[in-house]
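Each in structure tokens, the structures are laid out below.
Here come two complexes built around chain A, the first alongside chain B, the second alongside chain C.
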Partner chain A sequence: MEAIFEPRSVAVYGASRDERKLGHVLLRNVTTGGFGGRVVAVNPGAAEVLGLPAVPALEEPVDLALVSVPAAAAQAAVADAARAGCRAAIVLASGFGETGEAGRAVEQRLAALAGEAGMRLVGPNCMGVVSRHGDGWLNGSYFWRLPEPTPRNPHPRVPPAERGGWSPAISWGPRERPGGVSLVSQSGAFGGMFFAEARRRGLGVARFLSVGNCADVTESDALEWLAGDGATAVVGLFVEAFQDGRRFVAAAERCEKPVVVLKAGKGRAGARAAASHTGSLAGRHGAARAAFARAGVVEADTADDFFDALQALAALPRAGRCVAVLTISGGPAVLAADAAERLGLRLPPPGPATVRLVRELAPPFAAAGNPIDLTPQCPPEGFPPAIAAVFDDPAFDGVLVVNCGLDVPEFGRGVAAAARRTGKPVAAFVLDVPAVEAELAAAGIPVLGSPERAAAAYAAVATR
Partner chain B sequence: MRSLTEWESKALLGDVPRPREALTRTRAEAVAFAASVGGPVVAKASGIVHKTEHHGVRVGADVAAVWDQLAALGDGTVLVAERLHGELELIAGGVRDPQFGPIVSIGLGGVAAEVLQDVAFLLAPTARGELDSAIARLRSAPLFDGHRGRPPVDRGQLQRILDAIGGLLVGDPDVVEVDVNPVLVAGGCPFVVDALVVRAR
Partner chain C sequence: MEAIFEPRSVAVYGASRDERKLGHVLLRNVTTGGFGGRVVAVNPGAAEVLGLPAVPALEEPVDLALVSVPAAAAQAAVADAARAGCRAAIVLASGFGETGEAGRAVEQRLAALAGEAGMRLVGPNCMGVVSRHGDGWLNGSYFWRLPEPTPRNPHPRVPPAERGGWSPAISWGPRERPGGVSLVSQSGAFGGMFFAEARRRGLGVARFLSVGNCADVTESDALEWLAGDGATAVVGLFVEAFQDGRRFVAAAERCEKPVVVLKAGKGRAGARAAASHTGSLAGRHGAARAAFARAGVVEADTADDFFDALQALAALPRAGRCVAVLTISGGPAVLAADAAERLGLRLPPPGPATVRLVRELAPPFAAAGNPIDLTPQCPPEGFPPAIAAVFDDPAFDGVLVVNCGLDVPEFGRGVAAAARRTGKPVAAFVLDVPAVEAELAAAGIPVLGSPERAAAAYAAVATR
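For the complex of A and B:
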């Protein structure tokens, strides 16, 4: 598995001189992404491709063979990589098990060929691998646009004191962003969504593996490796069908890092006919839900939930379920509080010391319950001490921040400073407040797209 | 696919709380058993699925009067059981999932069950504490904890029923599905009132 994520040398089968061919895109991605190791182009019909000398067959082994040839030629390429002694191969070509029985048989032969040579095989029918390599990427994929690489391990995390007890160092510099998100996907196209979301949200990506038809390497193999990977802090999985459900459960139980799962295909359509009441109630998703409960993973219902949870878990330590909703915006804060309660979070009232300080610093009509509404009429210099009092209140494990339209830098600075000092997790929803948002972003506080999504992001880091 | 009879299914579940009941082969046997129960009984046709829809379940009936009819409706035998009065109807079951293997379920039973679909699933065999957290996830969780002065559902006995269902699926690859419907809670104790085991062959 190490040869897949951290190869020192790579070969590209099907490295074409034709810019329109995927094999050309793949070689260009490998050579321009920042991979510093040896790259070999394999093409029997060309002497050189993209300035690299091309060979008709491998003369010496590489760690990772990337196979981008038509399905009919894939077997010969895999056989060549196996003969040369490569440690792993990724077959990006399509036209195998996803097309039917005949394709499945070919796919099984590929896996057997690799297995006999002691070579791991990823795919077929996948988008490849993207992995941090020094200051750049090993881009062994067809993806055209990746996020900016973040500094390696930007948040050195202290080892977990107990299971699920990750806590990031809270000394984020202004240029640092949450990092260490890795994705394993059974869908290649979902990888495109992942990279787009990572760019949009400024998420640091560590690894991406498209496992395709899982002829050999499955989502559980990848999860097991990522559990021990120093660059990975959070693992996301997009799954259509688990290859070996119980093995996944065991791997997730052993993984001390947070795992977020998005499972497609939960609907009733296509569910098998059940002879019993229980069978029809279980549908297609009852067993997966039971498995996720045992495995202790965060289950996302939608793509938005999935990326929100990854963003929150990459940025925030795990914490308890008692939250303060801290705001200057009444209605939206109540929406956040409603969502928090629905998600099983608790909203205790603030302690007497907090109430006293809020009464002192904010106008008399401010609300010192939960939500705690300091109101837009709170003098700017009142925000930092009032906010600090909320963060310091032992009643709260964390804070939801809601600010619609009051772009007072003191508000943002107060939240950022209190979050850094106390280490309590914060998720925020803010609207049209660039100065506040910049303060929150610099402190690594995740800003979500609605009050409800901020509550859900917090719920993802709340321990059950 | 082969559906076992209620009597066979319950026998496979082994030692779980059940009403006093007997599979009777003659009317005289049934009358004698009903007399030994002493109170109202339920008489059920044996060996047909969807007994209730086929009028194969007679509650509080005179066993002597309905025996021949029920025997003819089913396989020639009649199951006679003590009639229990419970405070809560539950549904339990198990199924073999293609990706995750044996799972068991527990949830709210009765007429509302099909509409509300308030059922939690657990991997079988269940791990310590999983039944409690599965029940906590149900909307009907307060009913399990003794709503309006009723006794709480005996979790130990419920666990035994789920263990029996899970054990069947784990131990015999030919068992495809198990329905235990209803599980009637009487005085806090869950009783297996009806059961169905479906085997591949």
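For the complex of A and C:
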């Protein structure tokens, strides 16, 4: 598995000089992503591709062979990589098990070939690997046609359209972002969603592996390796059908890092669409759900929930379920409170000291319950002490912050200072308040896209 | 009610020369929003405010009096407006019924004063009104402190941070955007969310009314008027507690336009927070939900759902529940299919003619079920005929489109042409595909933020 995520040398089978070919895109991604190791282009028809000398077959082994040739030619490429003594191969082509019995047989031959040579095999029918490598990235992945890259978004929450910056070169450096979020996905396209959300939210990405049809390497193999990976802090998995549900649950149980799962194909049509991945747990998701809960896996219901949970778990400590909703915006805060209760969080009333201080600092029409609504008419200098009182209140394990349109820096500073001092987790929904948002961002506080999603983000870090 | 939404003349009580005062912000909003009618500043202590002559009391009536004075001074201002013969007044100040019994008594006196003079009263404790007026806007609303305006977003779906462009002047022209979406809100802050989402999604706004404590004008009054309003195509309501649930349901039943409701305060903490608005339906939302369903009201569970539904209903015709998921992105399309089934949509298989054409045009590993996955390897010229076949298929009332990362214009053009030709509704989730997105936007096809939200948007226009 180390050869997949941390190879020192890579070969690209199918490296092409034709820009329209996927093998060209893949080689360009590998060579421009910042990968510092050795790269070999394998192409029997060319002496050189993208400035690299090309060979017709591998002469000495590499750690990782990326196989980007049509399905019919994949077997020869895998055989060549196995013969040369490569440690792992990723087969990116489609047209195997997902097309039916004949394809499945070819897929099994690929896995057998690799297995006999002691080589791990990822895929086929996948998008490859993206992995931190020193100061850069190994971008061993491709999309059919690359969209136009645009400048990097300077602001995480409401970004400009960033189109395809993740490829050919990942558009952010390894030291820019915190987080260490890794994704294992049975869908390649879901990887595109992951990179788009990572950019939009400012998540630090550690590893991405598209496992496709899982002929050899499964989601459980990847999870087991990532559990011990120093670059990974949180693991996300997009799964259409588990290859071995029991093994996965056992791996998740052993993993000391937060694990978030999005299971697709729970409906009849969805299961039909995911039919090429018929795993043991598919079709009886009730049992899986209970097993996940026992193993401490955070299960997301939607893609938004999934990315919200990854963002929260990358940024916040785990804490209890008693939460304060702290706001100057009545209606949106009520939405946050509703959502928090729906998600099993508790909203106890504040203690008497907090109530006294809110009454002292905020206008008479402020609400000192929970939600605690300081109102926009609270004098700016009143915010830091009132906010500090809420964070200090032993009734609360953490805080949900909601602010629509009151761009008073003291509000953001009060939240940031109290969060730092108390170490209590805080998730926020803010709108039209650039100064407040800058204070929250500097303190690493996740800002979500709606009041309900701020509540869901908190729920992801809440312990029982 | 016409005097509230379509006044020809407006007075601003509390118009102040002090930029930090809300009365200053309000008068600036009214005078710079593009309102073409007469504006009178009422301020006993100044001869002129913002270049307008100020009067100590109204000398002749206006259609609408905007009252922006502290709670203690509101009664005198309302009495003055009533004496002068104004048709309606909006009291924006806080500090009334939401603070307890004493405040409720003052609120009732305001309503009685207005009632005796035959004047309608909106609020108190509200954010005012925003309404189309000729080529401009009446922006009779305020926020405590205005955020910095930034340039208008040229692209609806993934916009740059636009901060507060809606105020002091609404940042888009009345003819730029289709839609005619109107919002009635018991929360002022939720109005900020509405304008932010309208900008982000490119929704055309017709009217916004913040009804606050509903001392006289209620959400039902507003709904009844908007039902007959030529500028309004879709009505959204944010409600914490219904003033008269039966009347609201009856009004919704009579309204021929789509009505979307977001009910806040359904949880215990939320209901506590909304306690100043104790309406008859609060606390027994199960009954309300059933009544809404019978009246054809679309009930949203979250703010995201609410805005998704408004966007879909503003853009798409109503149609049946049988939907095709059309994609080149397997995993995200399975999420759309799962969500569609959860929401009660049906995903029948395509007819034999469609299957035949997909088999002909797309690669062998394409999926001709539902989802219909043409795969990124489908030749560009294959998209328009394959897409046309899906739209023409009588099995489908409408289509969900999912495309992550394949920016082939033929795909977008195929969808736009087939949607125009067949008139079937289509909602999309697309990612990193600017050319495709431009084709969809030009055809007025709503693009949502996730596969599940595209499904939810379709569900909002689906009839039983």
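Points to keep in mind about this one:
What we mean here is this: the second predicted complex is superposed on the first by the 411 of 464 C-alpha atoms of A that agree within 3 Å, B and C clash if a C-alpha of one lies under 4 Å from a C-alpha of the other, contacts with A are read in each partner's own complex, and residues count from 1 in each chain.
Keep this in mind: contacts are C-beta pairs under 8 Å (C-beta built on N, C-alpha and C of every residue); 3 or more make two chains touch, one makes a residue touch a chain.
This is a predicted model, so every value here is computed, not measured.
Look at A:Gly286: by the touch rule set out above, it reaches chain B but stays clear of chain C.
Of the two partner chains placed by superposition, only chain B is touched by A:Arg246; chain C is not. In the superposition on chain A, A:Gly118 contacts neither chain B nor chain C.
Of the two partners, chain B and chain C, it is C that touches more residues of chain A. In the superposed model, A:Gly85 lies in contact with neither chain B nor chain C. In the superposed model, A:Arg294 makes contact with chain B only, not with chain C. Once chain A of one complex is fitted onto chain A of the other, the partner contacts of A:Asp373 are limited to chain C, with no touch recorded for chain B. Comparing the two complexes, residues 274 of chain A contact chain B in one case and chain C in the other. Residues of chain A that touch chain B in their complex: 241-242, 245-246, 249, 274-279, 281-282, 286-291, 293-294.
By the touch criterion stated above, chain C contacts chain A in their complex at residues 94-95, 98-99, 103, 125, 143-145, 147-148, 155, 157-164, 185-190, 192-193, 196, 200, 238, 240, 262, 264-270, 272-274, 302-304, 325, 328-335, 337-342, 347, 363-365, 367, 369-371, 373, 375-377, 404-408, 431-434, 449-453. Those residues of chain B that touch chain A in the complex are listed here as 1, 3, 91-95, 97, 99-101, 103, 105, 107, 117, 119-123, 127, 130, 133-134, 137, 176-179, 181, 196, 198.
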